[in-house]
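We call the chains A, B, C, D and E, going by the order they appear; numbering starts again at 1 in every chain.
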């Protein structure tokens, strides 16, 4: 396959501003969507859904959210786990309080509530910058987890402090609870994921996106040329938290079904999503997908390879898995500090020059 | 109620002591941040790795024995020696220097002049790697670390205070020793960064890799140097915490205790690590003591962060951190 | 004004020799397409050329700072005193006596002005006394720095930072200095002074210079020899005097036409540069 | 063959505890295969899957193994248990959370597919209180008991029971949560030092245990007044503390030690033939024995199932029937080479929680052994049964489950 | 001395109007350093006003005061006949003041086009929802502003690098992109901090041309800091000279050039 973008001229600014200005890319994008919506649901089974695709889609939403904040607006956050927990608990409370409302709206509302909480914890970002901010967001992480653990109202006074998702349906098809079909949960998450990606893409290519990136690249200069840092940062926190909240809600309601806050939404989750964003590529929607895929699939792939195919003891495989994931992260960063998305871009650039080396 | 007051004092003193232990971990972060602007996420895992290596060397454990046995069907476990603690500490220090050299060689030198977040990410990769390595080398069971540090209530203080106030204060011997060690470390490191040309070079590197290169500062050397120092600090932290709770995976999580200390004291300040540690230690203990029962306890984790956060709102670079330069 | 040509003839030993180097950034962007140049011992060599011609890249290739920008030298060789240096550590080069003053100042923001200067002393083994003496010398060249010695470099003005960067390089007592746009952002008086200092160091202490400059006028006044770079290639070189007389150089780099200097106001239509290559 | 998944955790924060359990679980099945040629002539196939004590990996393990015909899952973490309860119920695969997980799953009327015999956390709380009662001459009024617990679903489990019991017995309960991971417990123990409770109970896990025991030793808390749940009573928790841990007590589901006849068989058929799962240094430890015990109970359930359905190659549904018909007597245990090891109990349709018996063991630092110091203690059904009924009823209502067995 | 109280006509016949911006007795201190000491001057409609002075004189600080980034300890800023209350920099920008920076402050992570578009942010108002679905106002606004941005890109002749990430550009082009970004805001008052540093004569000529054209075609008032005396003398209508915080001269270029104090402090030798 030789990559060509010659011949793709645009006669309008609308055309030039498209997400996939190159026809070839556009077709590929439609093809991926078609497969995801029309083919995968017929092939999917529980294993693929629960072990790979659901976590991939849900993490991708979280990664998109964090990427808006960190990749586009430059505010490093380690509170993602806490915000996912807000989404999950908000969704739980809504699901149990208004069982007649469609879960679809619960998830969206949960995102909205998380956005509010995100703004609250985003306020310090006006003063605090860089790694100081990153560490400061841990306050959100620990405080929120403590809160959900501590206040019984949040888990409806259940004895164990866990929350579990009751059965809910969309168009009469169950998407939460124990008796769901793999394809239904998959499609439900896919819709959210695709819509999130499209919205994120739209937001980042327009006014808002540019003001975020300006703040990211040089906040003082951005302010002097007319970006209101308060609004830019807080809107980034709000929108980022919205996506993160949605992913938290899906993570709880659709994927896991039952959640204990400290374990599922602990600090590890915050780091995991941040890794996805950085490995995938800061400031790239595609990167969010690549990063999520990498960190969801790689451990499973290594496990399958080591345990199922090579027959090694599980613990040795698990240790090697750490070694390999760590090694790969470093290797990728050395090869291309700007993530998988950039690696892809450079590859395309090379292809474009092909067969000449420069 | 004076009894209440005495107890509050006891809590405060113990908070100070706990703070010193946090500061020990925070110091490692500060060193590397100061010298290269890198937020070294792997510091906690380095403490684990150092402590595990120390125990392994002391007990004469065969490294990678599990792996070797699995592959070759052998039954290796121990070399059958027991090394003196001091010798083992020296050897472990050597291992940490080797590690520093490898980190420089394989990771850092390829990432010169990258943005801080990329370097941060690389240290995360490193943390994963070291975690796997540590498990693979020394196994993941709990190991007892005994280098002869006494633990438990200090009788003398107990007695003296009992006679004075009618209430014997509880102070842990381990904490006293940790305080002394931390004080020595901080003094030594401060002297190093203030009075040596390497100290100045460290700060230069943190500001601008390229410019540092251009004036002839060898980044490679500086990095081996600070990573070795940080490795040594990690070893010390690993020994203190390992003596407290055994050497095992959770040791790597002590990093989380060090982060608020770091924010409060400032990422670049060695004395800041100590002062921050003390404030956090006392703050969280007193808060738990005074308000914990009302809030249902277990407030320590978040309190430290919230305290540091509130503080930063007024002083965004922490207590002693370098002013964040904002200019156009 | 200066009889530099005569001076030029007397020194023949080549200190630094760049032959036919090619530089690629990010594996795909080819920037230098075979640049060769020589810096003789004790000479001031000027590297001239428009924006993006590759001056900075050439200097960085020599001082080995390219790697930190994801660039690499893919062809050709760089020799210092006859030894290949393109694999040497930048610090190693400084120890051998080659130091670069980078474009855009690159002061250590959080260090004070004085600490910045002292970092320049890093590679030297000399004692405290000598350090103080050298510091005083830099201060005597740049009195303004002395006034601001205790302020963080990040808070000094653009020109002060430029002085700081040059002073820092002087502290290393180098044999060869690669100067990238030293005049940028300096007040006219100071530009003269800086070049005076360059000349001074060159004549009194025998320091050789490779000078990348946009301010062709001044550069050619002080340099002995010049290279003109265009889109990654050397398009012209020769003794500074000859270049100064060259009509093309006169028109495009010195801004003088037959009628003498034109007012900036009078340049009615954009004159497109005549390309030697296109 | 009989597929037995083992969701082990040999890495991560709790690896030290996960390893011996997984080894015991594996070695017992290896023994059956090697010595008896499997169970009822059918070989056991153990599929180990590493969870790292992480919920999502646990789900992945479940999904990847369930297709192989897995007979019963030991989730080995409260979080994973809660995941698997609905999944196992939907897929028709039994879950055995032995001495952990959701206590009210003991109510088989609601939780058809979940078992937590031989005893639950609420039994544990009650057993500990009974032990204290026996030390205090049955009268606990005016006594102070503090609970140091892991601030998570697991740690919070006993609170309700202890509160009910305090109403009944008149002791004063104070609660001291410790956040994960629990390396720093100064404030909790200073509090204990000041309040001087008569007894301290602990629901801890991982590094929290050692630190608590260490701190207790530091403040000179009388160790024999400090009682941990069965997950806070392994060698890992006390050895690092050294001398100071002497006298610390913990509950036991089964006896520790390797002085049982079965160990001769294990040595002959497993260890010496190089088929041991781990390094072989865990034999006889508390958690190794517990892993082995879990495997034994599973194997016995398989036998029961084979008997009921008259086929050796059973399905998960048959396994469930076997588990529900399980009956462990001292005679069975003796015949299996483990006399005087675990409690006698029987499972039936309504009771999936076993007899709720437990012992108290005490650490002897000098010998480096856990000494069992009581006989089987029965829990206070009067208090626990209504609690179970209430909680499971709530679950049934939430999930539209009709009670069975009526 | 030229009387400018009522506006004046320049040598080449342009009409200069009333006062747009007036700085009254500005004093700015940083700890012990007095960067600006009691300086007053004005900028008039349509004029090109130069600020010169030795390094560290406080010129950039003065621009920072105008853009609201530094708040002077004393003094008042009057803009279009009104005293300006304390204002955040972005509010100043919304009033129609745009600028470039001495140490290039482009957004390195974005392409040239995006950088220029950020200059248009003060003109964009579409709501969140419309941006999220990229229909209606957001899209229309994007296209409209894109047209404006393209006009400026054409004007500054940087079409060929439109999609290049700015980090890759050489210094001189970056300066031009910065100018483009400032122009994109369609400012009333444009502040340029050393726009020609690091350029050769030819590029300076181009840049001069752009500045004159901006002034001419858009009627933009320009305040300019520059060290190249040739440029300053040729372009500016009036010059303020600063020396270590103090004002030592103010007037038309010819007059300033002959001022002995200015020669001593700054020029060194009298420039032709």
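What we mean here is this: a contact is a pair of C-beta atoms (placed from the backbone, for glycine too) under 8 Å apart; a residue touches a chain by one contact, two chains touch by 3 or more.
Here is each chain with its UniProt name: A, B = Branched-chain amino acid ABC transporter permease; C, E = ABC transporter ATP-binding protein.
What you see is a predicted model; the values in this text were computed from it and never measured.
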Labels of chains that are neighbours to chain B and to chain E: A, C
Touching chain B and also chain C, the following chains: A, E
Selected interface, A-E versus A-B, where C-beta contact pairs are more numerous: A-B
Chain whose Cα centroid lies at the greatest distance from that of chain A: C
Longest centre-to-centre distance from chain B, chain (CA-based): E
Distance from the mean Cα position of chain D to that of chain B, given in whole angstrom: 35
Between chain A and chain C, centroid-to-centroid distance (C-alpha), Å: 48
Chain C and chain E: spacing of chain centres that average the CA atoms, whole Å: 29
Set of chain E residues in contact with two or more other chains: 69, 101-103, 105
For chain C, residues that touch 2 or more chains besides their own: 29, 155
Per-residue multi-chain contacts in chain A, two or more chains: 146, 149, 220-221, 224, 313, 315, 319, 322
Touching pairs - complete list by chain label: A-B, A-C, A-D, A-E, B-C, B-D, B-E, C-E
Complex interface listing, chain A residues touching chain D: 46-47, 50-51, 55, 146, 149, 158-162, 164, 166-167, 177-179, 255-260, 262-264, 266, 299-300, 303, 307, 313-315, 317-319, 322
Residues of chain A touching chain C in the complex: 346, 349-350, 353, 358
For the chain A and chain E complex, residues of the former touching the latter: 12-14, 17, 199, 202-203, 205-208, 210-211, 213-214, 216-218, 220-229, 235, 283
Footprint of chain E on chain B - complex, ascending: 328
Residue ranges of chain E touching chain C (in the complex, touch as defined): 12, 30, 33, 53-57, 60, 102-103, 157, 168-173, 194, 197-206, 208-209, 212, 227-231, 234-235, 266-268, 271
